[in-house]
Amino acid sequence: MKAFKLSIAFLLALAAATLLFFSFQAKDSLPQLLERMDPHQAALQDAQMQKARDRVLDSFAEGNRERTLRNLDRYTGGFSDSLVMDSRTGFELFFYENGPSLSALGMFLLVAATALTGLVFSRQGKWRRAALPVVLIAALYAGVYILENMVGGSSMLMTVLKKGAIYALVAVSMNLLNGFTGLFSLGQAGFMLIGAYIFAIFTIPVESRPQVYQYYAGGLIQFEMPTLVAMVLAGLGAAFFAWLIGLPVLRLKSDYLAIATLGFAEIIRAVFQYDGLGPITNGSNLLRRFPTFQTALFPFAVAGVSIALIALLIHSTYGRSFKAIRDDEVAAEAMGINLYRHKQMAFVISSFFAGIGGALLAMYQTTVQAAAFTSAMTYEILLIVVIGGMGSLSGSVMASFLFVAASEWWLRFLDNETMMGSFRVPLLRSGFRMVAFSVVIMVVVLFYRQGIMGDRELSIARLTRWLGRRGKGGRDG
Amino acid sequence: MTDFISANLPYLLAGISVGGQYALIAIGYTMVYGILRLINFAHGDIFTVAAYVMLYASASLPLYLSLPMTIAFTVFLGFAVERAAYKPLRNAPRMSIMISAIGVSYLLQNLMWYVTGGLARQYPTLPWISSTVSIYTATTKMVTLVTPVLTLVLVVALVQLINHTKVGMAMRAVSKDFETSKLMGIKINAVISVTFIIGSFLAAVGSMLYFSNYTAVTPTSGAMPGLKAFVAAVFGGIGSIPGAVIGAFIIGIAENIIKALGLTTFSDAFTFALLIIILIFKPTGLFGEPVHEKV
Amino acid sequence: MAERVLELQHVTMQFGGVVAVDNLSMHIDQGEIVALIGPNGAGKTTAFNCITGVYVPTAGQVRYQGQVIVSAQPQGKMKALYAGSYKDFPSQRVTSTPDAITKLGVARTFQNIRLFKTQTAFENVLIATHLHRSSNLFTAALRLNHREEKQLREHALKMLEAVGLMDEKDELATSLPYGKQRRLEIARALATNPKLLLLDEPAAGMNPQETDALGQFIQEVRERFDLTIFLIEHHMDLVMDISERIYVIDFGRQIATGLPQEIQDNPDVVTAYLGVEEE
Amino acid sequence: MRKWIALALALMLLLPAFALGEEVAGEIVIGIYEPASGPNGAGGKQETLGIYYANSVQPTVELSSGVYKIKLVEVDNQSSNDKAPTAAQTLVSEGSSIVLGSYGSGVSIAASGIFDEAGVVAIAISATNPQVTIGNPLYYRICYLDPFQGTVLASYAMDEFAAKKAYTLAQLGNDYDVGLAHFFTEAFKAKGGEVTGETFPLGTSDFTAYLINAVNGGAEVIFAPTSTEFASQIITQAAANGITVPIMAGDTWDSSVILEAAKGTDLSVSVSTFFDEGDTSSLAAEFVSGFKAWLNANPEKLANNGGNDIVAAVTALGYDGYMVALEALKLADSAERDDIADIMADVTYEGVTGAIVFGENGDAVRDQAFIKRTNNEDATWVFVKVQGITE
């Protein structure tokens, strides 16, 4: 049995190696490829063809992969008759076009192979149990990267996935507070604002500062930081403000805490928009031209790591004391849990990750303006947490993808006046999408108070049981 | 001395007028919170719906018809919101009722956007209230004088109702102890409905005064006054009606004083800062009585 | 003379006009089982809450192992209203939060059971071990404290075993039958490694056999964990059976103290409970 | 996805039978990227009305390969930057050859990255913040910029009202208000004037204090470039408090909301804008009468215009924006995004709001603005003059 597993592992590794080798080799082979495709210089006579080819080479030189592929597609499609496409060039063209996806597939196979060999040799239960989740996570990330290259980085699906990942991180950070510690805080947008601003302020390249801070003579801060350092700083900044506002506010009862944190977010917004702070925050104007992520993997990776950290925290002894505070404060205190300090910890950690979420949102939007971080944004995130299920991390993650996809993609058709033949569909005009959406939310809040997952987590065991039950017609449930 | 007065009189008048309007909304918040321990986030939006209904009604109906119709509609809306969104969650954890309130506010605002198209509309001029009048050196609208008077009259009437009628006693009982009043045979749902009806009635009257002074109506124009009225209710001591009224006047006047001092950028931020400070030093507000958690 | 574990001096707790606990002075020595009895509403649970820091008493002092943990004088409005009989108040004011007192080694159960409703029995007890952790937030989250984590889990399992709830350890706390929930609450209190255990009507709602079993269990627990136990109870046979000394209070005032036998035939106690016979 | 688009294009070419009436070689998609909700929703809707009217006037475009029907795809960016990416992405995925919009500079800049990556040319219709086009090669603009408008208003304030002291009021957090107020202040000070400026937070309704600050400060003109919602509050409260100082604002105030608010008051409200209803040139007059008829025929569209048929400046600009897009399609003689991008810079069009020629950065070269005053008796605009920058 062991030999069989080992041979499979070896085969996987071999396939991975070939994939990685070929896609790496094809990476910058496009110019020679174009030569080989057009042996007898047909392009020289046909101006149109020459223009299309130059466009391909320009965008290739520019390094804009998205546009290169688009131009290449048009070039090969439009002039296929005068191009020679033997098997070797066809093979290389295929590898050039799908290079990244194939290399991602190769990486995944590599991880699967190592997991398999690990499974065979390891003894302790801990490693054996970890094998399957590791492979699943590798599959998720490879899948996202392959999807992105197949569907194109700026397609509707990828844009929604990027925003979904960012909202997942923020929803989980709010769930840590509202769902796990029972602190009803409405200040999430304020901490996201702080994170987004700190990230943007410290990463705008010095040469474009005069143009961004146009009214404040280039702004006060004349240095820039690497992206990751700025993101951590964004989280720390938000955490510091959380610690500051936590001092007076955390002793309050739940609904007063809600209003106090809501007030705090409004104060923060007014402060960041204040003209006097213009040289630092650019006042009411936009911050832009800071580095943004090119691939959806970045938000997925950052959100993934952060959510994993929060999950680890929740399953630790501190997480249990948070849940104790949620269930019964008096009993928790009687069991020796210092309420104030633990609430402060939960509040500061949640704001730290909200700050990082804010920085990611800034990169997604490519602009930062305090006006966007209104209490409406906090309500949106709160509703995601409720739909996902208070006290369920996987619920919040699933709900944020669903929420973003539904509100900003699937339900958009409700806004446009659609004609069924000559009959105009009633009700459908701009604004109806938001009405339909808020009705859906009310239904969830009123009748599915548990949300999708209630306070249970999506574990592989529960998934297989659920699928099993569906298969057997769910009789014995 | 006189130029000091004439320079600052307008601020004071504006403060009193807006304070009175906040008071009428704040009473709605205080009563609902006193009974259900719920911050009725949707209260500000019911206030805006009242303005829109008045606007649409007076476009086609004469005033003596559109006025009562608006009040009736707003009262019905308050009652319907309670029955649809809060009654099913009667014994749910406090957080889900509050989330339901946020959901209703979200729904009402989006509905208003959808129905009215969102362009700012002019509130109809009510005959006597919105005529201009001059006091000493400042010219202002009659509504600035009418508001405090009407507010005090309504508050006194309300306090009489609370203290000297059966329904009032039932409301006080329910606000003191929800479970035991249920045991004592008080029809809880009826009492809660009455509370929402009174709250919405005052919101309707408040919106008439407010929007004849500030005549542009948009779907979100009720959100900020609603929030400020809640701050006033907490400031005065949530659950106590006189507290809410006095809190509202203080917040209204303070807001205008800050603007007079030139710190206009932070006028709203200051109100929230005031709220946080009050919650720290006297969590139950000026007149609220402390609530003991039974162990 | 056994070392004095707990000492109350002139503890008074006054809500507005009502004096719930009036000038209560008592002590408990190491290893003793002492009971506090009295009719309903006599102020027993209020006294408990003053000891465990839930309420700050209007006046009086509480000493634990000689160290003052709570000491208070009438403040503000209470100064004028003060109806308690104790006059010269201790000088400095000391208050400590319930969790600080629990850390010192005073654990308690509640009259109406307060278990963590979304957690299993094992998790309920595990939470109580939280206060003995040495790991900070980061080491705990990043699992660098797995040795300590294992110890805490074993300790919790030991407590569950002590109360005989091993096979229900993965049940939701609130789904357990009433008697078992009571024992789970005791196990949770034991998990904080207390020296003094305060039991608030542990036998409430139990039938005679269960009360008997509880009595043996309390004595066995005292032996095994070298505890001092302070008990509030209405089941007279349980009280008389296991407690070395008894304090009786009525309307907040102490009306009798002594050995179980003395208390049983003390006339004041009988009238407090049964009221005066009709002449 | 790329194969999918290729397939869609091929399909379109095979669709002659389904077109209505005249021989149509297929459909070209033009994207409308406007706010229909949120603080700028009202202005966005009026701009979209102009585009739809232009479409009703000119539903097709003739290229060498045949006559194509224009399909308008509208999307609501809810005037908030965090909704902008998905809204812009929807237009790109729907295959828009060119995009019109948005009202409000913030959302335009937020979407510029997505349009740039997809190679789609976008035409900003009334976003006046300079940053919309700077650094965004594919973003063009047919209206004038804040620096120009601020300076024009400063010149007008000095020439018309001989004002020495001015008071500016802008909404905190709104880059349009703050930007315009900044350029007005700079120009006004450069001409020896004195300016005090204040900002009000979002959601303010009570402007009495601000107006009284202005009067107490001895201001001879009040400059308040805010959105229509706050504009009508400012006007009604200025009338209520008997303010006599003239009030001025930028293009956002060129809307029926201001006329309605100023009706029956003795306030002097003047506005700089791109278009004047009273403009007697044949092109403008024909547009105005055609648009009014089209608007009154459809109650829903009337509601979007605030319940009356007064022509807002952004509607006229929307009309011109659509026509410029058609010019671009004709000049590129193809619906391909890259072809349009290549020729966009040299598109010219004699529009209802004047001649449109693209200068550097893709901004239309505009050197004069229409100045209008409100006639408070019958709530109409009175054309004052065309104001350039006077030194």
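Here the chain labels run A, B, C and D in written order, and each chain numbers its own residues starting at 1.
Please note the rule applied: a residue touches a chain if its C-beta (ideal position, glycine included) is under 8 Å from a C-beta of that chain, and two chains touch if they have at least 3 such contacts.
Fair warning: this is a prediction, and the values are worked out from it, not measured in the lab.
Trainee: Quick check for the class: compute each chain's Cα centroid; which one is farthest from the centroid of chain A?
Mentor: Ranked by distance of C-alpha centres from chain A, the top chain is C.
Trainee: Identify the chain whose mean C-alpha position lies nearest to the mean of all protein C-alpha atoms shown.
Mentor: Smallest centre-to-centre distance to the global C-alpha mean: chain A.
Trainee: Between chain B and chain D, tell me the centre distance in angstrom, where each centre is the average of that chain's C-alpha atoms.
Mentor: Using C-alpha averages as centres, the distance is 37 Å.
Trainee: I'd like the Å distance between the centres of chain B and chain C, where a centre is the mean of that chain's Cα atoms.
Mentor: 47
Trainee: What is the distance, in whole Å, between the centres of chain A and chain D, each centre taken as the mean of its C-alpha atoms?
Mentor: The mean C-alpha positions of chain A and chain D differ by 34 Å.
Trainee: Could you give the separation in Å between the centres of chain C and chain D, each centre being the mean of its C-alpha atoms?
Mentor: 73
Trainee: Can you list the chain B residues in contact with two or more other chains?
Mentor: Touching at least two other chains: 110, 113, 117-118, 265, 268-269, 295.
Trainee: Out of chain D, which residues touch more than one other chain, so two or more?
Mentor: 36-37, 45, 172, 199, 201-202, in rising order.
Trainee: Multi-chain contacts only, two chains or more: what residues does chain C have there?
Mentor: As it turns out, chain C has residues touching two or more other chains at 54, 110.
Trainee: Touching residues of chain D toward chain A in the complex: what are they?
Mentor: Result: residues 1-2, 6, 36-37, 45, 73-76, 80-87, 89-90, 92-93, 105-106, 109-110, 112-114, 117-119, 130-131, 134-135, 170-175, 177-179, 182, 199, 201-202, 300, 338 of chain D touch chain A.
Trainee: What does chain D use to touch chain B in their complex?
Mentor: Interface residues on chain D, with respect to chain B: 36-37, 41-42, 45-46, 172, 198-206, 208-210, 212-213, 216, 228-233, 236-237, 239-242, 257, 260-261, 303-307.
Trainee: Residues of chain A touching chain C in their complex?
Mentor: Of all residues in chain A, those touching chain C are 309, 312-313, 316-318, 320-321, 323-324, 326-328, 330-339, 345, 349, 391, 455.
Trainee: In their shared complex, at which residues does chain C touch chain A?
Mentor: So the residues of chain C touching chain A come out as 52, 54, 97-100, 102-103, 107-108, 110, 114-119, 123, 126-131, 133, 135, 137, 140-143, 149, 152, 188, 192.
Trainee: Chain D touches which residues of chain A in the complex?
Mentor: 55, 64, 66-67, 69-71, 73, 77, 150-156, 159-160, 163, 208, 211-212, 214-215, 269-270, 273-275, 283-286, 288-289, 292, 361, 364-372, 374, 377, 404, 408-409, 412, 415-416, 429-431, 433-434
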